[in-house]
Structure formats: structure tokens, C-alpha cells
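Chain naming follows the written order as A, B and C, and within any one chain the residues start at number 1.
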């Protein structure tokens, strides 16, 4: 193992999702005042990387693309035990869809050669597309496997278990490869005090678009073939026919209504 | 005439996945609207009757690719074949079912074709210019976005199972075009060695027609017994909220919601659940939601079709009685 | 005094570590601790592994040197789930403090690295059956015999006595205030007998008990400071680590009271609506909130002063005094909000009250706190 790259993303804390509002004019999400965390599945990816390092050696390097505050996520990753962090931060990257994001990340990864393995969380809690890891692999021209719940590292390859709806498939993949992991893979460690103080002596590098030699027309809004044309909170269109009062009556009325609308 | 609308037909162990059939229903509607042909593309080691099935579900054309190496999903080969076929035939739209394999395949295809892809689509429509409007959930389902891919082609989307309606088979004509797969073992860098199935005991939640959801209000021994009786009477699967898991009344894999399963049953009966968003996102696609809760102000009463305000211990026996009566008639 | 109330990234990460530990590892054990009164030694070990024992030990001796604000954040988060376990941790810090503040270079190098790793856990044994507030009345003696002191006596209400392998003991080497000296007893010293385990009605799962010393031979080099420095050593430790520690634990209790009160009052329906819409309950909620903000500010303010190196005995005492009263007050109000359920063993409010009560005489009674504050109050006469 020479280097394991872990891609992490800073996302809003799911515990505060109910506080998220939509800007009706700009049709964007308003995230101010909401706590940010490292995307939960990325933590599993980082944990797996640390375990692989313990067994097979190598360096664990964290790569993130995000706004300036994402530096906190990088610092936390260092406190968990990563050796070095790279934050891709540039206004030009704003508005990137998964393709543009994967492209930018791939240019950053190319600067981090040589590497043996790239680990990602299978999806984020905000966008939940799960598209970046396979697309990153495509830009890097290396293989990928998604929904990985177990990794066995071999000589130049790994044997992994990739979860299906009911069951899994066993995949032998040549390294370097991109593996995106699910929560079943491990239980992430808890930050330790020693990790936190060690983190302050580790390096966080900030890169912009020119540092990674990326084409401007392939990043940000320009480089995104998809567009978000509208954002809204789903309206719940239910009948909302509620029956109360003495139990016999209420149940009777409810059952009759259910029969009328064809349920029972 | 605009390019074709393609739907990817995923098959495992020689069977078509349900979502691929659903895609034909949705794809047909879209193809008709933009006056295009609907085609399916299928990769397998043995096409057999599958192409004919696809045609009877509603496609005008089936592109088949048959090769022993395609027996199990191999991302390198599948991506290569689909991309080459797309470059050759230039479809307008490509829809793939959002299964675990679909979600492994679609992003790579989209990246190679440098086109746009949206994920877990829950609503699909097309406008008069042929622009596909894709409705996708975000933030655990609390927010919806409408995504389009205005310039790049094909416009790609992965569609969630259960969103589109499965069409009926009819007698139809269609074209079967077999594509030669120019593939070799050397191309495989991520090799699927085998597939191991682990069918769950009992009916999995996602497939049940009726799902009973247990909330904190149902977490008492006698109440839970009543809930079990109701589920048995209805032949329903039992799921529940995170608090119900914490209280030990249901298992982790029965948990429904943001960090659990998503169910799309015909009937969902929420018992003693307040209607917290983290739970509701898992049941929002149910056809009918029935709720029982003793709190008249519980948020769930604004998110159900029929609600009963009352103590579960009083309501459930009567509910069970009424259902048994209906069954007899 | 311009204030910046933001926590540093390190402090935030430390708080997160403590919260994750508390919610994931501690929460499942809380009921067992309260029922059996047993100490979860594997959780104590986990805390040491995570480095929570190293927070106030300076970096050059293998500690984290993260300071007092960081320490309070950790105590608060753990206490929110288990005040008993949080108090255990705070006493681990207390046991280190005589060495940190008054230890010689040799003593620091000898013990602090092991303490930082949690391999050495020390008590701070001051109180005796003859009194805690009346510290000059202690009877444990330390007789000089050549290169050793021989200690005889009995301490009580000593926290962590059964899980510690070292003991910091205050003993009489002479008469009067200058007649007390402080000794560190190393592991496996003969004559050291942890005694009866005390059966408390609150902070159950916190190990407290008697420490019996029978002809314990302690080398001269294990005395902290010189002969007669003992009172200063003990009181400095208690004032700067012990009292703020109680503060942090009480803060966790107050916060938990606020969280439980808010949650329950929104869920509980009476008269057809949530009780959070009833004025009587609203007043309770507002009062608990004020107590929470005040406790929080006092606690972190005193910690901030300490991090700046300022003397803050009065502030530490004020914090302990206020926070403990607030914890008892808020827990009592929480029970009222829960009504009959509030005193049921399976539900949390009664446990919070029992835990808060036990804090009252920790690190000095409320009355002693007033004496400490009095000195500062009188300074304003100028």
C-alpha cells in the first residue's frame, strides 16, 4: 500500500434537516446556521482506510471539494488519523453537478500520484446520488465498485463484497481502484484527544482550480450538464380524514370510509 | 424524428428486474409525447424469450447483446457495450432502474458519454421540446428538485423502483436488433466472481402489500400483541420507527425511514407513530396511509388518508373485529 | 473584558468526541449503573484510551495540554448522559493535579506520562470521618522514619478509591495549618487498603469508598512540595480542578433537564393539547432555561480565567455553588413537569435529582463555597 486517498464531503447535519428552508426567489437551499459534519458514510471510508493502513502500511490522505468551511471537516479527518489533507476550494467550482465534481476531484487525484486505492462513502446525506465515485473512476480510467461492505487487500488487487438488494456479489478488482463503502463495512472509531492534538501538526493543503490544472469549462456550473430548474418541499396530498370520539363510532366510521375509497 | 427513448433492461439470473418493466411503462408515455420510438437494450449470456417479453411490455425495438462473459454484471464490459451502442444509435433519452447494479453502471456510462445523470428519480415528465424533467429527492426526502439536462445527450436518469407503473403485456410487434459485443476477458478490471443471494426470512418489507408501522405508542407488551394480531389478520409485514427499535420491539432491519427502509405498500398503517419526518420519508409513497394515535395533534394526522384518534388498546381490538367481519363477507 | 464566546476547532472536536462516546458507549450502561451501583470499569478504560484523562496534563509530560475549557466541554457532554461517569473522570483529573501544580520536575516526569495514558489513576484523599470541611481536624498521621514517612489513618468518601492504583493523601506531619503534608502513594504499596464501598443514592456507579492506611511506608521523594505544604497543595487542587469539575458535571445535569423538559412538554397531551402550551409549564421551562444559560456562562467563565492563568478561587466557588443549586432546582422542576411519572424509577427525572443532590457536598460543601466567596465579596469594600 503506498497511498490511500479518502474523499470526504462536509454536509449539513441530518439531525437538523427539518431546519432547512428553500429560498423561493433563488430556488436554492438555505443552509445558514445549520451544523456541518463529515458525511457519515465518508467516516466509514476513512475508518476503513485507517484499518488498511494499520494492516498494510501506506499513507492515508484525505481529499475534499468544498467551500472554505470544509477545512473543519479536513481537520477532523486528520484528528481521526489521516496523515494529510487536501481541500479543493475555488469559487469556480460552485454549482458543480456530479460530473463536474468527479472531474475536478480526478484532476486533484492525478496530482496525488502514486496511490493504491481511493475510498469514498457510497452516497452523501444531502444529494444522495452516489454518482461521484464511479464517475471519478471513469475520469481516472481505473475500475470501481460501489456498495462495498468488505475489503480484502491482496497483491495488486482487492477482493470485495458489494451489497445487492438481497445478498451480495463478490468482485475481484485490480488496484488502483475506487471503492465506495456502505455503513455495514465497519464501526468508525471515536475521536481521541491524542488524535486531536496530533492533527494540529499535520498539513492541510488548499488547492484552487489552477493548482490542479483543470479546464475551466469542465468545472462548476459550466462543466455541469445537469441543471436544477426548481426546488420545492414536497406537498403531502393526503385526504387527512380523521375520526375521533367514542372508539366504536370512530373505528366504524373510519372503516366505512376506507371501504368507500376502495381500501378494504 | 427525434432520437429514440432507451430503457435499460436489467436481468439477473435470466429474469427481468421489475423496475426495468416499470421503465417501459414510463418510457412509453415519454416516447409517445415526443413522438419517438421506445427501445430497450439488454445485455445477457442468453436472450431467450426476454426480447419478446420486452416487446410485449411495450417497446418498439430491442437491442440485444449476447455473450457468455455477460452472464454476471461486469462493469467494464457493460459500460463499454452500452456506451458504444449509444454512440452508434444516438438515443435521446436513456433510463436505467435505480437498483444496486443500475446505480453502479449508470454513473460510469454517463461520465464516459460526458452527459448528465440524475439519481433516484421519483417523478418523470417531458416537455414539448423533448427536455426530460426529472424530479429527485434530497436531504432525506425533505426537499425535491427538478433536474434537467438541456444540452448533453442522451439525457440520463436512474428511476426508483415502484415509481412508474408496470404495464400489462399485450400482443405487439417489434424489432430485435442484435449487437455484436466486441469484448474480451482482458477488458475486465473489476470482475464479478459470483453472486450470493440472501433472501430474508418472511416477506421483506419492501415487497409487502400491507405494512404495519409500530411507533413509540405501540411499545407496550399488550399493545404490541394486538399489533401482531392485526398484522396477522391482514397478512401484513411489520416495520417501525427508530424509537421502536430502541425499545426492543422491532429489529434494526425492520426500521423504516431516513436511516432505514423505504416502503411503497398499498396500505400503510401507522400505529402510535407521531409522524416525524425521519419516519415519514420512508412511507410517503404508500398508496394509502392509515394512522392511529391518541394525540389529536400528532403531525401524522396531516399526512395520512384516514386517521383514528384513540388509545391503541381500545382501537385495535375493534379494528381487528371489523376487518375479520369484512373478510367473512 | 471583551469576550469571544466561540470555541476553538480543537475544543469543538473534543466536545464531539465526548458526545459520541457518551451517546454510543455510555448511554446503554446508564440504567445498569443506577440499578446496581456498580462502576463500569471498561468505560473508564475507554475514557483513558480516548485520552480524556490527558486533557489538563501539559504536553511536555505526555498530556494533551488542552486546557480547562476543553475539560469542561468533555465533562459536560459525558455528564449529560451519565453524571456518575463524568464525575469519575473529573476526579481522575483531580488526582493528577497536585503533581501538575506542585510536583517537582522529577515527580512530574515519573508520574504524569503514565497518568496521561490512564495507566496510573490516583485519588485525592482528604476527607475523613472527622470531617471534610474541617480539614485541619484530620487524624491521618505521617511519621518521619529515615528516608520514609509512615502513614496511618482512614479516609472516607474518596472517589475512585477502588479503581485507582495510586493515592494522593493529605496527612499530619505536625500541628496547625503548617502541620499538613501531601503524599503520593505508588501502586502496590503494602498497607494500602481500599475499604468499604459507599452505597450512595445518587451518582450511582461512581465508585466512592474508604481508604485505610496501615503503616504505609512512603519514600520522602513522594511528598509533594515540602513538609507543611500539604494544605496549600490539597486546596489548590480542589479549588482549580475539583470545584470546576463539579461545575461541569452539574452543567451536564442542568442541560439534560432542559432537554428532557422541552421534549416531554411538547409530547405530553393534557386537556387536549401539549403541556408546553400551559402557562405553568411554560414558566418552568423558562426558569430552567435561565438556570442553564447562567450555569453555562459561570462555568466556562471560570474555566477561561483558569486558562488565562488568573487566580479564580472565588469564581470557581461561585460556579460550583450556583451550578449545584441549579441542578437540584431544575431536576426538581423536571419532576413536577413529568407529574407522577417523574418519580418512577424507569424514567430519568428522579435520577437527575438524586445525582444533583450528591453533588452538593462534593469538592466542598455549599457553605464552604460561601466562605470562599466571602473573601472576594469583602474586597469590594475598598
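The working rule: a residue touches a chain if its C-beta (ideal position, glycine included) is under 8 Å from a C-beta of that chain, and two chains touch if they have at least 3 such contacts.
For clarity, every value in this text was computed on a predicted model and none was experimentally measured.
Participant: Which chain pair has the highest count of C-beta pairs that touch?
Facilitator: Looking at every pair of chains, the most contacts join A-B.
Participant: What is the chain whose Cα centre is as far as it gets from that of subunit B?
Facilitator: Looking at centroid distances, C is the chain farthest away.
Participant: Taking each chain's centre as the average of its Cα atoms, which is closest to the average over all protein Cα atoms shown?
Facilitator: A
Participant: Just how far, in Å, is the C-alpha centre of subunit C from the one of subunit A?
Facilitator: Taking the mean C-alpha position of each chain, the two centres sit 40 Å apart.
Participant: I'd like to verify one number: the distance from the centre of subunit B to the centre of subunit C, where each centre is the average of its C-alpha atoms, in whole angstrom.
Facilitator: One centre to the other, that is 54 Å.
Participant: Between subunit A and subunit B, what's the gap in Å when you average each chain's C-alpha atoms?
Facilitator: Centre separation, subunit A to subunit B: 22 Å.
Participant: Residue numbers in subunit A touching 2 or more other chains?
Facilitator: none
Participant: Can you list every residue of subunit B that touches 2 or more other chains, as numbers and ranges?
Facilitator: Correct list: 296.
Participant: For the complex, give me every residue of subunit B touching subunit C.
Facilitator: Residues of subunit B touching subunit C: 274, 294-297.
Participant: Using the touch rule from the top, collect the residues of subunit C that touch subunit A in their complex.
Facilitator: 9-10, 12-14, 16-17, 20-21, 24-25, 49-52, 54-55, 59, 64-66
Participant: Considering the complex alone, what residue numbers of subunit A touch subunit B?
Facilitator: Touch residues, subunit A against subunit B: 12, 14, 17-18, 20, 22, 29, 97-99, 102, 125-135, 137-139, 142-147, 159, 162-174, 177, 224-234, 236, 238-245, 247-248, 250-252, 254-255, 257-259, 261, 263-264.
Participant: Given the complex with subunit A, which residues does subunit B contribute to the contact?
Facilitator: 72-73, 75-76, 99-101, 103-108, 110-112, 114-120, 133, 136-152, 189-200, 204, 206, 258, 266-267, 277, 284, 288-290, 296, 301-311, 314-315, 318-319, 322-323, 326
Participant: Report the residues of subunit C in contact with subunit B in the complex, numbered from low to high.
Facilitator: On the subunit C side, the touching residues are 267, 269, 272-274.
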